[in-house]
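Okay, so chain A shows up in both of these, paired with chain B first and chain C after.
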Partner chain A sequence: MNPNHRMPRDWLLVLPLGLFFIAFVGVPLLLVALISLHNDTAMAHVGIRQYMVFFGDSYNRGILWQTLWLGMATTLVTIVLGYPVAHLYVVSPPRWRRVLIVLILLPLLTSSVVRTFAWVVILGNEGLVNALLMTLGHAGQPVKLLYTPLAVILSLAQIELPLMVLPLVTTLTSLDTRLPEASHALGASSWRTWWKITVPLAIPGLLSGTLLVFTGAVSAFVVQTLVGGGQLMYMPFYIYEQAIQTQNYPFAATLAVILLVSVLLVVTLLNYFGRKTRGFVHG
Partner chain B sequence: MAKSTLAAPRVVPARRAQPGRLSFNAVMGLMGGIGLLMLIGPTLIVLVTSVTSGYSLKFPPPGLSLHWYEALIFDSPEIIDDLLLSLKLAAAATACATVLAVAAAVTLARRRTFAARLLDSFFMAPLTIPSLALGLGILILFNLESAGLSFYSLLAGHIALCAPYVLYTTSASYAQLDPALLDSSTCLGAGGWFTFRRVVLPGLVPGIASGAFIAFMNSFDNVALSLFLSDARSEVLPIHLWHIIEDSLDVRAAAASGVLIVATLISMLVMERLAGLSRQFR
Partner chain C sequence: MSLIDHQRRKLLQLMGAAGAVGLSLGSPLAMAASESLAATTFPGAWEESQRKILLPAFRKAAGVSAVLTASQAVDTLTKLVAARNNPPFDVVMMDEGPYLQGIAQGVFEPIPAARVPNLANLPAHFVDPKGLGAYVSAQVYGIAYNTERVKTTPKSWNDLLKPEFKGRVGLVSLDSTLGTVWMVALAKMLGGDEDHMDPAFDYIKRLMPNVGAVAANPGALGTLFQQGQVDIACHYINNVESLKAKGVPVALARPDSNWGIVRSTMNIVKNTQAADLAAAYINTALSVEVQQQMTSAPYYVAPTNTKVPFGAALAAIAHNANDMTSFVQVDWARINPRRAEYIDRFNRLVKV
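Moving on to the complex of A and B:
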């Protein structure tokens, strides 16, 4: 069949999704950008006052920084816990692999409200951790665990963990096992082989996991509001508050643009490193 | 002198165990164990809490009882209503997204041109951009057209959320199709549409089904988009649960969570059996 003959009908199939995305993804994001460029809530004056207000106030800059830091800390915890899980999966026999993949996927597919709720139960005043602390005699009264940054990082890490484990599993299973074997045969210790051979080869998986976890963590509205509570403010709730409760659309749009641009910057950076390391691994 | 150089290779005998293997395995095993406990522990804790006989989220529960499940099923019409709305929304969004995304994927998957890759990134964008930004944008769009919020504004947002998953899994399945099959079908005289229907589509079904399932679960779970896009009358289940957990910590939230966990587990195992769901993630 002549491919040139088939081409127009082919592209016609992309058209419905393309039009839908232009109308409900492209146009809305453009609108957000446009509205952020208005000085007043009545949207009569065009200008960059909202951005000046945001970056001129240390409270606002703090929220942005806290949000990005939350993303980074969560990513770090998921790497520390996720890599060993992926390692266990790779060294397990097929029977166990099937069990492990269910254990990894179930939390991913379970509603995030449910998973967040679990952390409210664990860290609450009558929760598991406080019950343990009380019976061990370390605390006379419940320790405040919920509504602390550490609690948010810990619960977010648990919720995003499968997104780190899965790309690592993909990378580690496709890794050429002769390389670590050669390293062992040449007398390198297990640790040295892991650090010098396996980890560099696993970098593409680490990077795609980082991408998924970071973008998920910075916009994890449910965890941030339920485990962080009213005391800890992050960008997503700030956007919601400004748009729905204060009805200050230009400022809410400004917040959304700033969050979006920060996320895209990190994504671009990770993709850049991704391309570099792929060239290094294969070339 | 000659003797000692001959003896030298024996300093590193081939049979010696790898140095550090024990400590490496111990550390990996320990950390992996903590990781697995983190993955599954919270789910188990919610399940145990949901069968508490007490009136608070005390853990461990003072006794076991199913009365919160009874309260959920018989005395909570508002939760059931929101559950039905969420199911309806997720099903409608998944159905629309699947039709749109599969059509696009069969074209995009066999092209490596710049335009195809650009479109592909555009269609995958909802996975990366914070969904609150997207929700705010769609809200502004509906307000501008004075269309007001309704089930359809929710649906529009959720279709955009669902489409990337189906597009991704369908494209991945397409890439794994054996090109020889397509060639043989064409050689044997089958037309393009016949080949597509009888050869391509059956090969894509597991990928499409897995993508649709993941999309459904994500739509069912979404809070950020729904917060902006639902009208005052309709509340989806995750937002209702979010309100309960934020305000009153009603134990019915635990019972509802228990139902969702069991339903997720069963549907996941069914999809694994029917469509090899986990292959989409490896």
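Moving on to the complex of A and C:
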């Protein structure tokens, strides 16, 4: 039987999810885009004034940039912290792997509100970090940690870490072990082998991890608000404030569209580089 | 093949049976739903206190139970506007700002005074002249301070500007009711009002070197006190008392420009099927026994019924609802149209 004949029936399988997406993701997104194209709060005049207002104001551009920067910084931290963990997992015997996977998944098993409050307690003026610093005599006064961008990045990195480690683990386990061995046999040092062979082959895992962590970090409303406080403004809270508090739906919708498009741009760029490196690896 | 078919038929039969059971169960459930009352409250201590005090009292008074949903006033309003003809709630609890927005949207029913006899026990400043809502409670705010680190009791909002409080003052975002009413109280103290807020913004500008943190909401502000992140801020008496109960060394002082209050209303929703029950619910919320219990630990909600004496921590503030006439209040009808502008101005001012 020609496999192509089965295609239409196979497509039917995705119909339920497809319809669900169209009804509950596609249509609402379209509505948000339409709402954003109104000049006034009462939504009587169609136009692009909201977008002009957003991009015409350095305060707004700053919020967008801070949000994207937060995503990038969190991703970098998770790569630096997550890669060694994934490496350790791959070189461990099966018994230890089971223990490690539980440890890796542990942050996902607690509610994000609880984890976030834990960070508030840890980073506060009378929190664990400051208590330690004061006892060791490194600080006469409490160091301001809570309500700083650093605090937001650290707590986000902890929460998002599994999403970086798991794709890395998958890629590194499926890596052909003969390739590094061949590299060694041909006289390359361990570092050179790692940098020239292992890292390029791990790029697909790094990319999927980056996608998950980046999108998660830029939209992490709870962490951004509770650990960031009222002086650090990020796009998700800005959207909430404009929609719920000031009831300015067109501007809130504009913010949502701009955030969505910016994230999509970053994702597209990543995919582009991903394809390039893949071509480099195989070509 | 035949085995699979057989299995499938059995499964279909089972599903059919389950559907029939569901249908027969459906109608009595639907009937039961219309005989109870759907009410909203605010999340947190409000929900806890009303579940414990108001719901049992209402069941005793009306013979039916109320289903309570915790929802912020702005969210409740969004839900009411989204389903005008078939509202999800019969009676709702509102802050003053969203309450006025709700009136503008026409989502409330007039309160039938004849069915809410307890309305007669409210002083004039707690009676809504439009008759579309009943003020069921007031929350008092003042200067909250850490009693261990602030040695002399603060006496005025101006004390927050003292250099000794560098990095120790807490602010709460203007997204919250508390942040908004405090800004108005500052403006009034400095010669402005709801439409002339420049003095309040100037004050915040001068205060910034002292500001240690800006909390997103009053709950987070309480956490900041607990963490020693801030030592002095504007806060509600009930949050201060609940911090005290947890062993945090805090107290509330009266600013020389007087205490401030935030009122909450209860409203009957337009197009409800249970308007009478909703009126009975509001009457219960205004009753002496319910309001009396709400004044006690750990809730400290100031009663609006003049027959309820202020007990516990509230006794230091007033004797009863009549005494609150002089407390700083906000005209939300004037604030609402400019709220977005004020929020934006505040955010830009405090941004790091």
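We take it that the second predicted complex is superposed on the first by the 254 of 283 C-alpha atoms of A that agree within 3 Å, B and C clash if a C-alpha of one lies under 4 Å from a C-alpha of the other, contacts with A are read in each partner's own complex, and residues count from 1 in each chain.
Rule of thumb we're sticking to: contacts are C-beta pairs under 8 Å (C-beta built on N, C-alpha and C of every residue); 3 or more make two chains touch, one makes a residue touch a chain.
This one's a predicted model, so the numbers in the text were calculated from it and none came from an experiment.
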Check: Clash or fit: what happens to chain B and chain C when chain A is overlaid?
Finding: clash
Next item on the list: Report for A:Leu136: first if it touches chain B alone, second if chain C alone, otherwise both or neither.
Entry: neither
Check: Does the superposition put A:Val263 against chain B (first), chain C (second), both, or neither?
Finding: first
Notebook entry, point to check: Now for A:Val80: first (chain B), second (chain C), both, or neither, which partner does it touch?
Noted result: first
Next item on the list: Using the touch definition from the top, say if A:Gly18 reaches chain B (first), chain C (second), both or neither.
Entry: first
Note to self: A:Leu146 in the overlay: touching chain B, chain C, both, or neither? Say first, second, both or neither.
What the structure shows: second
Margin query: Which partner chains sit in contact with A:Glu241 here, chain B, chain C, both or neither? Use first/second/both/neither.
Written below: second
Check: Now for A:Gly124: first (chain B), second (chain C), both, or neither, which partner does it touch?
Finding: both
Check: chain B or chain C: which reaches more residues on chain A?
Finding: B
Margin query: Quick check on the superposed pair: does A:Leu232 touch chain B, chain C, both, or neither? Answer first, second, both or neither.
Written below: second
Check: Touching A:Val114, do we find chain B (first), chain C (second), both, or neither?
Finding: first
Next item on the list: For chain A, give the residues common to its interface with chain B and its interface with chain C.
Entry: 120-121, 124, 126-127, 225-226, 244
Checklist line | Of chain C, residues touching chain A in the complex | finding: 74-75, 78, 101, 167, 171-173, 175, 212-216, 220, 223-224, 227-229, 339-340, 343-344, 347-348, 350-352
Next item on the list: Using the touch rule from the top, collect the residues of chain A that touch chain C in their complex.
Entry: 59, 120-121, 124-127, 142, 144, 146-147, 225-226, 229-233, 237, 241, 244-248
Next item on the list: Would you tell me which residues of chain B are touching chain A in their complex?
Entry: 12, 14, 18-21, 23-25, 27-32, 34-36, 38-40, 42-43, 45-46, 49, 56-60, 99-101, 103-104, 106-108, 119, 122-123, 125-134, 136-141, 144, 156-157, 159-160, 163, 167, 186, 192, 214, 217, 220-221, 223-224, 227-228, 238, 241-242, 245-246, 249, 253-254, 257, 260-261, 264-265, 268-269, 272, 277-278, 281-282
Margin query: Touching residues of chain A toward chain B in the complex: what are they?
Written below: 1, 6, 10-11, 13-14, 16-18, 20-21, 24-32, 35, 80-85, 87-88, 100-107, 109-122, 124, 126-128, 131, 157-158, 161-162, 165-166, 169-170, 173, 184-185, 187, 189-194, 211, 215, 218-219, 221-222, 225-226, 235-236, 239-240, 243-244, 249, 252-253, 256-257, 259-260, 263-264, 267
